[in-house]
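Listed below are the structures to be examined.
In what follows, subunit A forms one complex with subunit B and a second complex with subunit C.
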Partner chain A sequence: MAMTRRITKIFGVTALLVLGGCGAKDDAPATKGGPVSLRRLTEPEYRQIVADVFGTTIKVPGRFEPDIRENGLIAVGTARESVAGAGFEQYDLTARGIADQVVDETHRTSLIPCKPALASARDDSCAAQFLSRAGRLLYRRPMTEGELSTQVKDAGDSADKLGDFYAGLSNSLAGMLVSPQFLFREEVAEADPDAVGQKRLDAYSKAERLSFFLWDSAPDTALLDAAQKGELESDSGLRRQVDRMIASPRLSAGVRAFFSDMLGFDGFAALAKDPQIYPKYNSEVSADAQEQTLRTLTDLLVTHDGDYRDIFTTRKTFLNRLLGSIYGVPVAARTGWEPHEYPPNDPRAGILMQISFLSLHSHPGRSSPTIRGKALREIFLCQKVPDPPGNVNFNLVNDTKNPAFHTARSRLTAHITQDSCAGCHRIMDPVGLAMENFDSAGGFRTTENDAPIITSGEIDGATFDDASGFVRAVHDLPAAPLCFVNRLYSYGAGRPAAKGEAEWLNFQEKQFASTGYKVPELMRRIATSKAFYRVSTPGTEAGQPNTKLSLAGTAIPTETGK
Partner chain B sequence: MSAIANASRRTVLRGMMGGAAVTLGLPLLDCFLNANGTAMAATGAPLPVVFGTWFWGCGLNPGRWEPKTVGANYDMNIETAALQPYKSRINVISGMKVFLDGKGAKPHFTGEMAILTGDVPRETPNYASLDSIVADQIGTKTRFRSLEITGTGKPTDSLSRRSASVLNPAEISPAALYTRVFGPDFRDPNAADFKPDPRIMVRRSVLSGVTDQREALLRQVGSNDRVRLDEYFTAVRQLEQQLDLQLQKPAPLAACSSPAQPADAEIGTEIDNVVANHKLFAQILAHAAACDQTHVFNVVFGEATSPLRRAGSAMTHHILTHEEPMDDKLGYQPQATYFMGRIMESLAFYLQTLDSIKEGDGTLLDRTMLLAHSETGFAKIHALENIPMFIAGGAGGRIKTGLHVEATGEPVTRVGFTIQQALGVPVENWGTQSLNTSKPIGEIMI
Partner chain C sequence: MTWLRNTLRLGVASALAALIVGAFANNASAETRGYVVSWFGVSTYFGGDSDCPDGLNPMSTEFYHRELIKLGYSEADATRLLKDFPGNPGMPDGEYIKIMMTRGDKKHNVYAFPETEVDPGLREIKGKFAYGFNLDGKVDSPISFIDPDTGEKGVKNQLYRTLGCVRSFRAPPPAHPTLAQAQWDVLRDQMPAWVIEISGITDSQNSDNVQVEIHRATDHVTRDANGNVRPDMSFTTDPDPRSHNVLHGHIKDGVLVTDEADIHLLADPFLQPEYRFTHARLKLRLEPDGSLKGILGGYHDWYALYWSYASSGWVEEHSTSLDMPALWYALRRNADADPDPKTGQNKSISTAYEVEAIPAFIIHTEEKNDKKVSDARKAPATRLQANMGGGLIGLLKSLAVLRSLAWQ
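Coming up: the complex of A and B.
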């Protein structure tokens, strides 16, 4: 019992257990929505929009401001982000790099719909044609007259000053690419004519939310047209767009983006392994490891419309030569990826036993059952593990008189025998120890320092003997699919689920379960729901379930210096 | 900066767009120096003060770094021996403590937050960092409000933040920092000729177009988002300011020269690699200050959960502080302590680099105030008391130096408060709850 007390459940998990026996209603429960958000574009979103609008041959130079992760997602953190001076410098460099390519001789004929009367001077009408078209896609709505006239004037004045129409146009476009209209996804609320006193997102904000949710990019022309014609306000019009987008091959990009965020793949940017201990591990391996996991997921969930819970147990994956050499699996294809299926009871089943998860959640020179256990709880079960207390006496973990700690299990014994540590470590370490057959770089091993590794254990009441038993236990944890529904919704909405949305989320989880845990169907339900676009009104704002508050209630007293 | 001031500057610049003649109506910056390069020629005022932070993770060993004597004429202890040549220009501050007020301690995070933001956050930071407060006072007229670097490879390991939501990301590559400061956009103050670049004029004008929308856009959003959008516009304003400076002929600076351009270096956590990159960073940052490109810099030698490691070792500095057994004879953890030695040598190198830039009778170190500190008093137990802190450099004569100040469990915020007062920030007290203080460290104040 101490164990469950120590875990802060994210909102909804407990409620599900209570509501589990109730019959499902036909219609989803009503919600009061949450606040509109102002989200900074992430680097992948930025890159994807540039590719969509100007083509994939345009390089996006420079580096991006780091993102903040909040409530388990960068998608939520982006609604807290702004831009620092140094970050804006970078946006400016990147914008000028892109704009110069767009107008260069290679691209101007295909990207600029007109030719200037004189290449060495301003041509406001040609500039306006190009800028209004690009602006609608970049700003995710038509430009206002004022916006357009400013940009046209900038292009013209610059062209005159520099004696070059294209240089002027480039300068103006660069200005648009650093504008807040482009860099921030600003949502706008309007009164909902179908619900007195309530608010919803306006048509363009709706299109934007939909498009980033399903495709991880800005709305395309068809979606913007639908928004402009008011089609997204009717159930059938919205449904038509959602169906079109879910049927598109671009859904995979959206699913990949979601999982990259949920799995914390941004962490790979700064991940390094000690090359003397893990000579095979390098940045190519870490890139391929992410690709392997994303291929496994999209193949299972999108291509085969499979059961979400099988991500923990699937024996099917994809390998290339490089990864094959680490997994010890022969790969016939010289280049590229080929499907691979592990035999039953192989310890490699599921994405937890892939290099991406194992290496990301380890120290540079060795594995960490604690970090892995914490990652599994936080990422897949939406459970927050409290911080360790201050002034911990680590002498107890490192009994210097007993140097015979060969395995992590023996080293970590002190964690769960010492009261102040046990509360939390008991929920992390046993879970992580189940993955100890894999070292920091994801390589398989049966011993550590010549002592055999034992991977049996228990997670939330389910016992297991080995790694394959462990992943089956995770597969069956009721917290996993509910966590997923919650994360996916929160990813799309750009905020944690609000208090008033708990019942709705529980309803969605039941629907998810009754339709075989199919992810595209869940995305369709969210994308066509009223709840997804509902905006809370000031005063009735329900607020969010505050994990921080409940965390404070479970935290261990941590006063130092006593 | 008021909206009206912005508008008038813009009007001037917009006017420039039309005519060919370049007559700048902008106020010139106060950086004309006298002949020997020690002071502004126009006013006789001394060269501006420079503020910096220099952070390392996982502290030092208690009892092995604090000087044995208090007050003046102290000697450095064993672990700080590398700093001995600079002792007359360093104040060692021991015995400072973080008060939690019942909030949880987040290991390796709480300490740095308390020292730099005056607050113990429950989750994420709540306030701007000390260097931003100082930069708003002393750094508003330079090309860069501040420059941040980190030695261990993650841009997010910066400890400099403009606000709760805006982190100033750190440069991780010396070559990238060089290009940013001394690349094509650098205007050498000692160059013979100067011609404003029309490409910069048009860029400046386009940014004015962005800024012009500020009021309208701020009106559209809710209050939290308004703060964030305003931070965005502050960032735009900083770039505008950079471009303004590039459109003016800079005043000559005797001590200014470009540092050597570093090659692309490997970035990582292996200690020799980190030390080598730190040397390159130190050179670039010192030259940037000498060339008046910035008045504020922030160095993270290694992040708080110190990832420093020796090649081939499974254990990082941080893991060693927790898991390496205490050597009974030595009384400390020898492998973890190895890293502390390398860190203190690097701090000494940093001071040496500042001191190597001669400006008239003094050096850049004389007009710099450097706060060097860690985040814990004893990493093994994440102790939040007796955190090692040093104030180095003469701060342009604004403080006394060469003292060991021994506090007895007083709030760490006294150090940040002292720095703010010494550097002219109009502040009466600083810090939240038990960390609030209105007591500067009297011993070092002038």
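Coming up: the complex of A and C.
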């Protein structure tokens, strides 16, 4: 795959703005950055770009290849992805379906900025107008002269053969939609004029990273214009664009995309519950549960600019009637969603007690304190829990009808008498047992096999008596906001934080705390930082840190190195 | 939701006043429970074939063959015409269908004009037992049944007597009869849900004074992962006053029985536009799992019931083996109430329908800016409930609901 390399140099503009005092000083510790990446578009990104460029009436048919999750994020895994033969066929079918719709009689008037002299013949001028405009948005940069002339020629040659200008245009557009320039987010480095010997992303790569980070889509025209004018190379110009994007309603889409990734919502595609045990749970519930959590998060963090840690304790959420039937709550809205606030004595609080987390991290026929505990530590605390050894006997924990062990707590207590299991279970189980009042489908319960469920426990030195105490303890865990900063940065950068960025992340976490754990402000700080766009040079790239964190007497490898 | 929030804002003061009054004026433990009907079908008692000493009614192939012979076809022709049963209307293999549709006078549609055929005779229930109510107060009348569970005498259920020996109305419990199940499946998915609200429950085993409301909702039922009606869903009542029924009753030993009243249920325009029961009552057991199971009994216009089966003509007749002209005559013969002043012909027939309902939240929005939400079960401490007469705890819970609904 031959990728065009491009360097945009705008030293003059940058220097002028800095000298003029317009740029805010980045007082964060310096970093050496990480490698540039080549990331395949995810399915949501692909769909969003098509919607942004051609409108929401264009259907995106077909299926996409599954993504890879690495270091807790698909955003990181996409840098490891390629396109297999079968996958390319799907991309091709999808591209042709999109292109045909764009040029059809319904859409051509609004999407194609000109009319051909003859609809039955080539018109290179008109084709160039359309393809250059669409290409800039699809490739996230202006097309090179060579790229444009190739596409115009393709459109014209096809029109000649087919006797149809629009069919030719469709053929050319379909080719662009399967090109690596579109399917892959290519980042390009350039020398940093402000730091001798160091590199940074070039303007269009910067715009691309910024846009996918904040909006989960390709840069819009204004951002591309800013990149083209060199405005992103100045602190003030970059801040102006970041402020514009953070003020936009589209920020919610970016926040939703981040949390969908962080919370592992792609796992719902393979999630199933035993309908005999959980008849209320079906694919509709699965979809609505994700939506509930994303609405809860965007309402708290974006609409109300709330404290990130409150995602564990907030009593405000949104419900529709389907979810109301599982939560046991009346929902007045006949269709759609309505806000709901749990009363203070309700065991439900925060996203850990929502159906999405509870059902995603359970077995099809029973809850799993172990899986839930592991998920909480890995997703929210960035702690890596080792996989179980291969020779573990799970018979005891799987036997939910064992008359000697009525509850999951009793079964797990017996299970961890095996030395090989005890270490990890002591880390996971107390956390997961705090959520045992909720079954595999997220339904509330107070007993299991007629035995009362006890949810008291301890997490990282903090004890709690019940689920309410548990979520308050998670809320106050220092590792939670630190992990979040790490996750958010990795998501935007498309790679795990490098060892040389640990100090910078630590600084950002302190800033995060000092500003009340406001997520949009954290996104602003990351998006306007130099570190976010710093590119490591050969020899300075460092692998992921893997230090140990002493945690309640047990050493757990962490991803952050904190 | 804007209109609802505005309504709530306007109605909060009056609602709070009502709540405060209600909190002290009513029994502190009174509950309101909501349900959605999950099963509704003709009540039958499966007592084995001894109920039908004359035998079960013939299958449609049998009575079609009989009718062809009556019409003068030879045995060989009748056999040939039915060779490809059921066949297709308008096609060669459906030649017999046209003949059957006008089998009375070879001119009129026999389903619309059943009197064009001489009564073919429908075999009827002659057993002692049936579910229902003693609607006329007479214990020892010739048409009286005995309730097989309670031993109560004087039960009137002439609809069961009429249909009980038709094969598609027979099924050993817990299975539902095929035709009743098929009808309910269509109704359930086609029509907005029926909801039941019981208020004034002071004790789920014994409450002397309860109010039972039956409404049509504005929403259809939804199904769970197994295809059954999903419990604990919220339903908004239809403001159409025709769909509101308010009954008075009592609960004794866990069984709710309502006083005699008329009950009007709007149903599906295609299959059964409405049910209009007169002198009706409900008998519903409050099951430990939170559901209701029992019967609705009353008199009903027998021709409306006939037409609910016959309107589909041959389609329903051949598939359910319900000989429509025979049914018409049997219903007319067994009708036992509401005589026509001129002819003396009874216009109504005693009936009983099985009713099952599962917990649901019922939301009233049509009543003077008030908002009332009934819970499906005895509200646990963690569940919101707005119970206008629910005592001080109910008051506090109601405030929580109002606040949560107004929050945005």
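Convention: the second predicted complex is superposed on the first by the 505 of 562 C-alpha atoms of A that agree within 3 Å, B and C clash if a C-alpha of one lies under 4 Å from a C-alpha of the other, contacts with A are read in each partner's own complex, and residues count from 1 in each chain.
By definition in this document, contacts are C-beta pairs under 8 Å (C-beta built on N, C-alpha and C of every residue); 3 or more make two chains touch, one makes a residue touch a chain.
Computed from a predicted structure; not experimentally measured.
Colleague: Can A:521 be said to touch subunit B (first), subunit C (second), both, or neither?
Modeller: Once the two structures are laid over each other on A, A:521 reaches no partner at all.
Colleague: Which partner does A:325 reach: the first (subunit B), the second (subunit C), both, or neither?
Modeller: So A:325 only meets subunit C here.
Colleague: Please name the chain, subunit B or subunit C, that touches the greater number of residues in subunit A.
Modeller: B
Colleague: Of the two partner chains, subunit B (first) and subunit C (second), which one does A:36 touch, if any: first, second, both, or neither?
Modeller: first
Colleague: Does subunit B (first) or subunit C (second) touch A:84, or do both, or does neither?
Modeller: first
Colleague: In the overlaid three-chain picture, which partner chain does A:52 touch, first (subunit B) or second (subunit C), both, or neither?
Modeller: neither
Colleague: If you stack the two complexes on chain A, which partner ends up touching A:347: first (subunit B), second (subunit C), both, or neither?
Modeller: So A:347 only meets subunit C here.
Colleague: With the two structures laid over each other on chain A, which partner does A:276 touch: subunit B (first), subunit C (second), both, or neither?
Modeller: both
Colleague: Looking at the overlay, what does A:378 touch: subunit B (first), subunit C (second), both, or neither?
Modeller: It touches nothing on subunit B or subunit C.
Colleague: Could you list which residues of subunit A make contact with subunit B in one structure and with subunit C in the other?
Modeller: Touching subunit B in the first complex and subunit C in the second, residues 275-276 of subunit A appear in both lists.
Colleague: Which stretch or stretches of subunit C touch subunit A in the complex?
Modeller: Interface residues on the subunit C side: 1, 4, 218-219, 222, 224-226, 228, 230-234, 236, 361, 363, 365, 371, 373, 375, 380-384, 386, 400-401, 403-405, 407-408.
Colleague: What residues of subunit B sit close enough to touch subunit A in their complex?
Modeller: So the residues of subunit B in touch with subunit A come to 17-18, 97-98, 100, 102-107, 110, 122-124, 144-146, 148, 153-156, 162-163, 165-169, 180, 198-199, 201-203, 205-207, 209-210, 212-213, 217, 220-222, 225, 227-229, 231-232, 234-236, 238-239, 242, 268-269, 307, 309, 311-316, 319, 322-326, 328, 380-385, 409.
Colleague: Quick check on the complex: what are the subunit A residues that touch subunit C?
Modeller: Residue list for subunit A touching subunit C: 273, 275-276, 278-282, 316, 321-322, 324-326, 328-334, 336, 338-341, 343, 345-348, 444.
Colleague: Touching subunit B in the complex: which residues of subunit A?
Modeller: 35-38, 63, 65-66, 68, 70, 80-89, 92, 96, 150-151, 154, 157-158, 161-162, 168, 171-172, 174-175, 178-180, 183-184, 186, 188, 269-270, 272, 274-277, 363-366, 386-395, 397-398, 400, 403, 411, 548, 552, 555-556, 558-561
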